[in-house]
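Below are structures written as structure tokens.
What follows is subunit A paired twice: with subunit B in the first complex and subunit C in the second.
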Partner chain A sequence: MVQTLKKSWTTFKTIFTGMGVTMRHLLQPSVTLRYPEERDELPSGARSKLFVHIDDCIGCKLCERACPVNCIAIETVQATKDVDLGKTSTGNPKRFWITTFNIDMSKCMYCDMCVPPCPTECISMVPEYEYSEYDRNNLLFQFSELSADKVTEVKEKAEKEQEEKQRKKKEAARKKKAQKADQTSKAKQKNSEG
Partner chain B sequence: MAPVTSPQPAAIENRTMTINMGPQHPSTHGVLRLEVTVDGEVVTKVKPDIGYLHRCFEKYAESLGDYAKVVPYTDRIDYVSALHQEMGYVIAVEKLLELEVPERVEYMRVILAELQRIASHLLGIGTFGLDLGAFTPFLYCFIERENILRILEKVSGARLLYNYLCVGGLMRDIPTDFTSDTWEFVTSFRPKIKELNDLLTTNSIFIDRTANIGVLPAEVALNYSASGPMLRGSGVSWDLRKNDPYSIYDRFEFNVPVGQGEMGTVGDCWDRYIVRVREMEESLKIIEQALDQMPGEGDVKEAVPRRIRSKEGEVYVRTETPRGELGYYIISEKSGPYRIKARTPSFVNLSILPAISKGALVADLVAIVGSIDIVLGGVDR
Partner chain C sequence: MALLIFATLPLLLIVGYALFAIWLERKVSAHIQDRLGPMRVGGWHGWAQTIADMLKLIQKEDIIPTNASRFLFKSAPFVLFAASYAAFSVIPFSSAYIGSSINIGVFYLLAVTSLLTLSVIMGAWASNNKWSLLGGMRTAAQMVSYEVPTIMSVLSVLVVAGSLNLMTISEMQTGNDILGFLPNWLIFQNPFLIVAFIIFFISIVAESHRVPFDLPESESELVAGFQTEYSGMRWGIFMLAEYADMLLLSLLGAVLFFGGWASPFGSYLSGPVWGFIWFMLKGLLFVFVMMWMRWTLPRYRVDQLMEICWTILIPVSFINFVLIALWEMTF
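Take a look at the complex of A and B:
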């Protein structure tokens, strides 16, 4: 009997202690936000969306290589000698046309591994988080600004230059060979004469 | 027409029934399916069915061929205490490569790990209360957890999967207001533990639901190689931070709380719960000491190798996560990792469930699962 009464008393007491805590919390200002009317500010450096300043990209593909899930796809074409692509804002010379620079944000895991390796700091996370889409394909962000015509043009040009180079190389190699053969035959002659 | 005979009433026999709990059950903390054989209201057999969240961590980590790229994947092993998973992994790789890490980085890692421990325990305690019908403490725990997540977000840029530690250092510099933020949190959090005690620990209903339930004797715990609060709740004082210090844990003074059976038997659900609560206080102590001792200056990326050159070798490193002993076993070849094995505490601790839930009521089974505090990401990997 005494036991039961004691037990009831502790139950009663502990419940009211808990209620007291709740009451105290009731009088405190609310901690929740009414999203989307109110929103919290993201701290600087929050990782929510990737952005590339394509003008500053030198096409080194370091970011592509650093990504663990391979969601960055970069294709580059070497610029021919007659064009000067200029320099990036950090002073690095640009030598490649960036024909493709796609980031598949639906695959990205926001790990931030691609950002530190970039030598020109052109790939970065921006604090933007409301970009959900109904269609998954819309999450493939394309950063390359070259038109399709331009891409074929630069590709052809680069190919031509490459061919030219190859030809020259071959020619040079042939010349060298001929020279060598010449020399060896001369040497042989000398030997036989001697 | 033949007269209709009424069917014979079947003899009432004592038959057992098999029911499913999960994988979409609100109290299984993720996608855990329990095959429960019940005799009326009493559980006679439990069989955890796991694998719903299997993501091939080990195979994938080996196939990446690069030690640095694995770190974001370790986060996802146990997403509630991501920093501990990273810490174990980077320490293992550093040991393999024989890298020295600057002091400042070590202190930072410890502070972050302890903050993460508090956050993880808050979630564990909150959901444990929720399983038993106490909704309010859950919300209050989340308010406090939010403060920690904010600090971590400021530091790393992410709220849950930080990818902040890297082999040899940290991914980013430490923000200038990190120390003041953490101090502020530490001072504001102390009184909240008392509040939590008022709400849950001493609550008589809570005690009735947890004391003497799911008793795990120390011997059984050791035989199943349990670790973390699961083992300490059974009265075994075993904490890797004390018994096999890694990083710089040997520099701090703290106690290892163990279950004493204050409300019932040693090793019951209440003991496991109280160990977590007391561990939070110990974590606060470690954070305070670390903040005091942390060097103010220093480059956190000083020892980060530009390219990790793999070495032949074999290491096993174990660290104490909020759930117990996390081990990484790495066999390395010249070309890269050959085998990366993660021994997660959640998996091992869950294997005890069939042993301790025999004879419990179905409602108590919920309490027992909650008190193990598993994270299914850690169970399945």
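Take a look at the complex of A and C:
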């Protein structure tokens, strides 16, 4: 009898304890974030999407080399002497046309290793995470702003300049050879005379 | 015609209340778990969610299992709802409205609500499903057991009130005379009625099979018990009847212990309309407490359920009944 009464008393007490707990939670504001309407602020340094300020890129390809999964593809063409591409916002002179700068976000593993090597701080993670796509190809982000025509023009120009250089070099080399040959023949003559 | 309108009023009330209560249940459960619950349908805190759900249920296919007993299977939800709806006829909603002011109101109510057990067993057996049948058997055992303490606690109220007519019981509880300020509600008239109320409340929770006594349904072990094979609007009617039953027993508790439509402030705010509002507020308070309990307490085991009923509630209610009778004789 005493046992039963004790048990009943504990039951009652614990029921009220539990109901107190639930009442407290009922009155608390809920923790739900109504996602499309509200968003959590991302922590600083969150890695969610890569972005390139193409105006600041000097085409050094350090990020491409740093990438462990090869998701960055850069192609550059050296600028000819008659054009001045200007300087980046950090003051580095730009010497290359960036003909392609593609980042494949479907390959990216968000390691952030491409960001520190950049000398002009033009590649960075931006807090943007709602870019899912139905087609994998749409995840290939192209940052180069040159048109196809411009690219071919620039390439041809660069090739021409290169050829010119090559020719000049060859010529210079031939001249040198000729000089050398001249000298050696003269020396031989001297030897035979002596 | 007027009679028909008079008779349909509680139906509208029950349907409106059920839509509200299901929404409230979802909101209460959500906020207790620090969630938000339905928020989208209808604008303000998803108030139209249950209306949308009901429209969906109406469109659903009405599936009847091949080996089910078709007639019983089809009629079980309607018997269940008819039983709880019929019981509303003796509830005095306000000083101006009562379906039928018969002088055996309480007896009629208890008798009609016993039909609930029958319809649950009907649905359970007709489903031809072992989980349903187990659920139905549990319901039968539970409801038969818990009717004893319910009736004993109701009987103790009747000893104090001296009438079986719920309207008369409500009328005698108007006014504020006890200790100068307390309303004349029966629970304040006799100290042992507090014990009777506790027993009554535990028993009605068990009778409307809510947690912690929701063994007939127990979705986690019996896959919803007798409701397993039901779908679409038939299931919806089961749901409706369950909530109607909850309200019915809560309102009965309000009449028997908390003055029915009597205002807590004596003659202040006590017209027929105010009476209805007070009455519904009292009923909904109990409904809310039942919801609150549901999201707090775990479920009892079958043997614990029976032990509580037969070894604690029934003896205590009998002793309490004798004590109340003695108190009434001496004072």
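Quick notes on this one:
Just so it is clear, the second predicted complex is superposed on the first by the 166 of 194 C-alpha atoms of A that agree within 3 Å, B and C clash if a C-alpha of one lies under 4 Å from a C-alpha of the other, contacts with A are read in each partner's own complex, and residues count from 1 in each chain.
One rule holds in what follows: contacts are C-beta pairs under 8 Å (C-beta built on N, C-alpha and C of every residue); 3 or more make two chains touch, one makes a residue touch a chain.
All of these numbers come straight from a predicted model, not from anything done at the bench.
Of the two partner chains placed by the overlay, subunit B and subunit C both lie in contact with A:Gly18.
Looking at the shared chain after the overlay, A:Ser30 reaches subunit C, while subunit B stays out of its contact range.
Of the two partner chains, subunit C is the only one that A:Thr4 touches; subunit B does not reach it. One of subunit B and subunit C touches more residues of subunit A, and that partner is B. By the touch criterion defined above, A:Val126 lies against neither subunit B nor subunit C after alignment on the C-alpha atoms of chain A.
Touch criterion not met for A:Ala181: it reaches neither subunit B nor subunit C.
Look at A:Gly45: by the touch rule set out above, it reaches subunit B but stays clear of subunit C.
Of the two partner chains, neither subunit B nor subunit C is touched by A:Ala173. Shared-chain residue A:Cys111: touches subunit B; no touch with subunit C.
Shared contact residues on subunit A (touching subunit B in one structure, subunit C in the other): 15, 18, 21-22, 25, 31.
Chain contact summary for the complex, subunit C toward subunit A: residues 28, 30-36, 39, 292-293, 295-297, 311-312. Chain contact summary for the complex, subunit A toward subunit C: residues 4, 8, 15, 18-19, 21-23, 25-26, 28, 30-32, 34.
Every residue of subunit A that touches subunit B in the complex is listed here, in rising order: 7, 10-11, 14-15, 17-18, 20-22, 25, 31, 43, 45-47, 66, 68, 109-113, 116, 125. Here subunit B touches subunit A in the complex through residues 64, 68-70, 72-73, 136, 140, 143, 146, 150, 153-154, 157-158, 161, 163, 171-172, 195, 198-200, 202-205, going by the rule given at the top.
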